[in-house]
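Next come two complexes built around chain A: one with chain B, the other with chain C.
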Partner chain A sequence: MALPALLLFALFALVPMAIVIYLSFTRWDGLGSPAWAGADNWREALTSDVTRHALWLTVKLMVFSWIVQTPISLLLGVFVAGKQRYRALFAVFYFVPLLISTAAIAVIFKNLLDPNFGLGAALNLPVLGQDWLGDPQLAFYAVVFVITWQFVPFHTLLYQAGARQIPASLYEAASIDGAGRVAQFWHITLPQLRYTVVTSSTLMVVGSLTYFDLVFVLTGGGPGYATRILPLDMYITGFQSNEMGLASAISVVLVVAGLVVSLALVRFSGFSRMRSQQAGM
Partner chain B sequence: MSAISHAPSTDSPGISPQDEPPPAHPRRNPLTSLRRANPLGASGGLLWLVIVLVPVYWVVVTSLRTREGFFDANPLSVPSHPTLENYRQVLDNDFTHYLLNSTLVTVGATLLTVGVSFLAAYAIVRGTSRALRWAFSVFLLGLAIPLQATIIPVYYLIAKAQMYDTLGAIVLPSAAFAIPLTVIILVNFLRDIPDELYESMRADGAGHWRMLWSLALPLSRPALITVVIYDALNVWNGFLFPLILTQSPDKRTLPLFVWSFQGEFTINVPAILAAVVLSTLPILVLYVLGRRQLIGGLTAGFGK
Partner chain C sequence: MPARIPSRVLVTASAAVLALTLTACGSSGRTAGGGSGDGALAWALTQGSEATFRASATEWNKEHPDSKINYQYFQNDPYKQKLRTAVGAGNGPVLFENWGGGGLKTYVDAGKVADLTADLNADPAWKNRIFPSVLKSTTFDGKTYGVPVNGVQPVVLYFNKQLFEEVGAEPPKTWDDLLALVKKFKAKGIAPISMGGASKWPDLMWLEYLVDRVGGPETFANIAAGNKGAWSDPAVLKAAEMIEQLVDAGGFAKGFTSVSADTGQAEAQLYTGKAAMILQGSWAYGTMATGSPKFVSAGNLGWSGFPSVSGGKGDASNIVGNTANFFSVSAQASAKDRKTAVAYLKDGVYNDTYIDSLLKNGDVPPVKDLDAKLKATDNADWTTYVYGLARDAKSFQLSWDQALTPELGNELLTHLDQLFLGEISPQQFCAQMDEAAQE
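Take a look at the complex of A and B:
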């Protein structure tokens, strides 16, 4: 009975892994037949400044989106886990970005951040009115901001669910001992949320390899190479420059990066131990 | 049935703001100490609310402006002469066709994913063979495979199978990539159905298929709702597979429509934003109808 699911998944996820490795040793324009090219693509991929820069940008995006998103969603999640009605109302609206498709979000911010007729320009706000997407120095941070806007709601939900399950008795005991709100946060809330932090961080970090569609629509990798992350480098190389062999080599780098990051997270965070404690995720 | 109401994570209480606290602490508020006024938290929460809502509000009011009004007015003011002209323009651009494609792809991929995943989850939970345990590990590992990295070989396969530029070309890989998480969530849920229920059915002479159909399936309703919503939302908003695996406009889905529409109407911002609103509307309607399930669905399997 497990066979249909296994076959479908294998056909589109496991078999492609083998094919992509094969293709990375061929020259192929996407239309004709792939021709054997030996290690040419690999030599090029590993020495190309563009691809190295893309890898570096991907890591940078991973780190920045984690640093920005984690504190915001942690604090918001703990905040909305409380009981007052107004928090419930907040939570309803926090959720809205999750309903909008990534393409639509990118289109919204592309127009909102436009230096000529965007929100900042029209309101004469010098800070907001900068050429966020056209300035190579700023474009990266604009991307981080839009990612934060899109994904903080999801992680807030995770932290809210986690914070709701912290036993009240811990807070009562701390109150009796005279611990203030900040002390309670550091000594009870944060340690109790450690598994949620790991879950959320894992999803954030692995997810940051998949910001392709957002960056593709928002900046197309530009200006110049300022936001050309690895998946985008792969797409442009393969589907715009028609160098599928080289793009396949970049894909393999992407898979390896994904696996390394996942394994590192599992290893260093105790995610596997957590899993066995809970009998599953 | 009572066993199910205690099942963890999938339908876990405390996810929706209106939910009661978890059953383990029925009469207690888990964050009693935070009942006191929390000005710092409230102002932070309010700030984020502004960050979330200002763009949304801007999109809605701008989509109601005339083209001239867009350049003249304060961008955050309510339009003095609101117009639906932009919406008409979007609908004239074959919007309903893209809507239909998105619906077909979403329904097809979701049914396929949840159908095969449910069978697999049942087999993994009830079966005893090593092969099934191995299959479960494959799905766990599958979570780590970035979809982007497989797009070239998937394109190669779809082209070889002569499926390029069909709706099926979007359905199959979208379904395939939704399978690992769907199986894992369903497995975790099915594990909590007590063995005794199966045993008593077996005593009545029921085979695997009957137990699956008249015991596991009805009891799994909450988990099934969760994965249906989660998978449907992902497929509906999917961008990469339609971008790479289709070409002609009559095979494309809503996210692609929004993207190509803004490419064509670069200078007509109100029309672009009307397209954004229209493409989000179907999900928004579903959200209003099933908010609890939707929020539960998005956190299912991830809550502590």
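Take a look at the complex of A and C:
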């Protein structure tokens, strides 16, 4: 029964992958025919400062988006899992970012963050009127902020669902024992959300390898190299500089990084031996 | 299990369907897009001269029902990639719009573009109408691979006349004038120069002009020829130092590195009175005329050539910019399509109606003897100025990112961005470009 899936996987994942690996050993500008280049591209990809910096930025983006998004979406998710009606209303508005396409979000924020005609200028607040996307020190954090704005609603949704699965009897028992809200959160909610944290983190971490569209529209990798993450480096190398061979090598690096990260997550989080969350009940 | 057999059948069937859809996609890619499907396919850009192209195709097809031209229009950046992929796969259009220079040369080197030299030589009246400086952008090794189809696009210095009157200043004639103006405007709280630095290519206009004014056109000729150490030429270093000086003096409007050149915000700073000057291609006239028709029609928009540099070798009449957009013919086109395409380029483009339509847009075609027509336009001051610039220029330098290979052009834009940000020094800029050019 697995055959159709395998066939599709082979056709759309393995075959292109093999072609990319082949291309990474060639010199090709996308027009003529690829010429064999041996290990040239690989030497370039592994030693070039630009690609190394891009790899470092990708890791940095991964860590930052995880650290910023996880607590926010965890707390919000637990909050909106409550039963009061105003929370439902809040949730409806709050999830709007989920419905907007990434490109639209990037265009909106690009305009809001513009130092001359953006939010800062409109509200006459110099604090907001920083050169968010044009300052190499700030641009990276501006990108992290927009990513957070875009993806926190989704992860909130995960935590909300997780929190709603926790049996009310646990909380009832805790109240009888005299545990307050904070104690309940630490001793019941958080441990019960263990696997939701793993799921959400996996999605965030692996997802941060693919934040291409948003960064591309928002900053195009600039200013300088300040936001040139690995997927962008691959795109710019392949489709703007027309060095398909080198771009293929970079994309293989990206695939390997993705594999390593997800394998590590699965292994160290205990995701593979997932037990019932209600064991012992 | 009996259920197994049907599932296998299903797989075979779905594989077959898949194969069919795949081939269908492939073949539709080859013929698609033409709309009606008959006639030679032409790919062009949505911005700029689309209206003129549309009108010319309608007229042409009415008169030549046997050899029709079918246009398809694309946005700038996606177009570059779509064209490369399609041509690389042998599915390119018969006629395609391009910018000449290094970008076109990669297509020529791959044998994808038809040589039009014989066609042009066979009809001297056609060839001799076009400014030779413009045709240079599509001529490699003495063979011409494209003809211009819209206006010349020199880069000029625009200024806000109201702001200049307010501080009692004249447009800058020399670099020192410009630096003095920066101080003057800053003292009044007005940003001296606005720029769409996030797009990087506006940065390049400053480097191109400064290198030309300091070292003359030969400096870039050396770079374009790939000569070793050409980027460390004293003229390039001096130009980079002058850029550093201008940035340090606060010449550019606050936040210029986050202003995108595609949104018209840099031009908006000029006509809203936030900034006094902007260095931009001739198309910015159209951007400003659309953004604030009142500002332009009231005569508040001024323009001048780039300032001269004392002791520099470059002639003050030299200009940089895009020479024009061009149409080239695919080398893979059938004999019939090729004939149609050449006939269209000869008679369907740059005829009277076509030129009138371009001029109405503020686009000035690089063809000879247009003075009478220019005087009759609504924006005669501007069109006459641009025409004179292009006609009288001793040298018309094609934008470097177009003149160089896409690979080097891209590196140049990023390093230049870093120079404007103050992340690298002028010396580092030269050294890094030399290194990139040798790869």
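Rule of thumb we're sticking to: the second predicted complex is superposed on the first by the 266 of 281 C-alpha atoms of A that agree within 3 Å, B and C clash if a C-alpha of one lies under 4 Å from a C-alpha of the other, contacts with A are read in each partner's own complex, and residues count from 1 in each chain.
Following the convention adopted for this analysis, a residue touches a chain if its C-beta (ideal position, glycine included) is under 8 Å from a C-beta of that chain, and two chains touch if they have at least 3 such contacts.
Keep in mind that what you see is a predicted model, and the values were worked out from it rather than measured.
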item	value
Chain B versus chain C as contact partner of A:D131, first or second or both or neither	second
First, second, both or neither for A:L55, with chain B first and chain C second	neither
Which of chain B and chain C A:E243 touches, first, second, both or neither	second
First, second, both or neither for A:G222, with chain B first and chain C second	second
Touching partner for A:G32 - first (chain B), second (chain C), both, neither	second
More chain A residues in contact - chain B or chain C	B
Touching partner for A:P115 - first (chain B), second (chain C), both, neither	second
First, second, both or neither for A:P4, with chain B first and chain C second	both
Chain A residues contacted in one complex by chain B, in the other by chain C	1, 4, 11, 30, 110-111, 117, 239
Residues on chain A engaged by chain B in the complex (per definition of touch)	1-2, 4-6, 8-17, 19-20, 23, 30, 72, 75-76, 78-84, 86-88, 90-104, 106-112, 117, 119, 122-123, 149, 152-154, 157-158, 160-169, 171-172, 174-175, 181, 184, 193, 195-196, 199-200, 203, 206, 209-210, 212-213, 216-217, 231, 234-235, 238-239, 244, 247-248, 251-252, 254-255, 258-259, 262, 278-281
Interfacial residue positions of chain B with respect to chain A in the complex	8-9, 12-15, 17-18, 21-22, 24-25, 28-36, 38, 41-42, 44-46, 48-49, 51-56, 58-59, 70-71, 74-76, 112, 116-117, 119-120, 122-124, 127, 132, 135, 138-139, 142-157, 172-173, 175-177, 179-180, 183-184, 187-188, 191, 208, 233, 236-237, 239-240, 243-244, 254-256, 258-259, 262, 269, 272-273, 275-276, 279-280, 283-284, 287, 291, 295, 298-299, 301-304
Complex contact set, residues of chain C against chain A	7-8, 10-11, 14-15, 18, 81, 84-85, 87-88, 106-107, 109-112, 197-198, 200, 253-260, 263, 265, 268-269, 274, 406-407, 410-411, 414, 417-418, 421, 423
Sites on chain A touched by chain C in the complex	1, 3-4, 7, 11, 29-32, 110-111, 113-117, 131-136, 219-220, 222-225, 236, 239-243
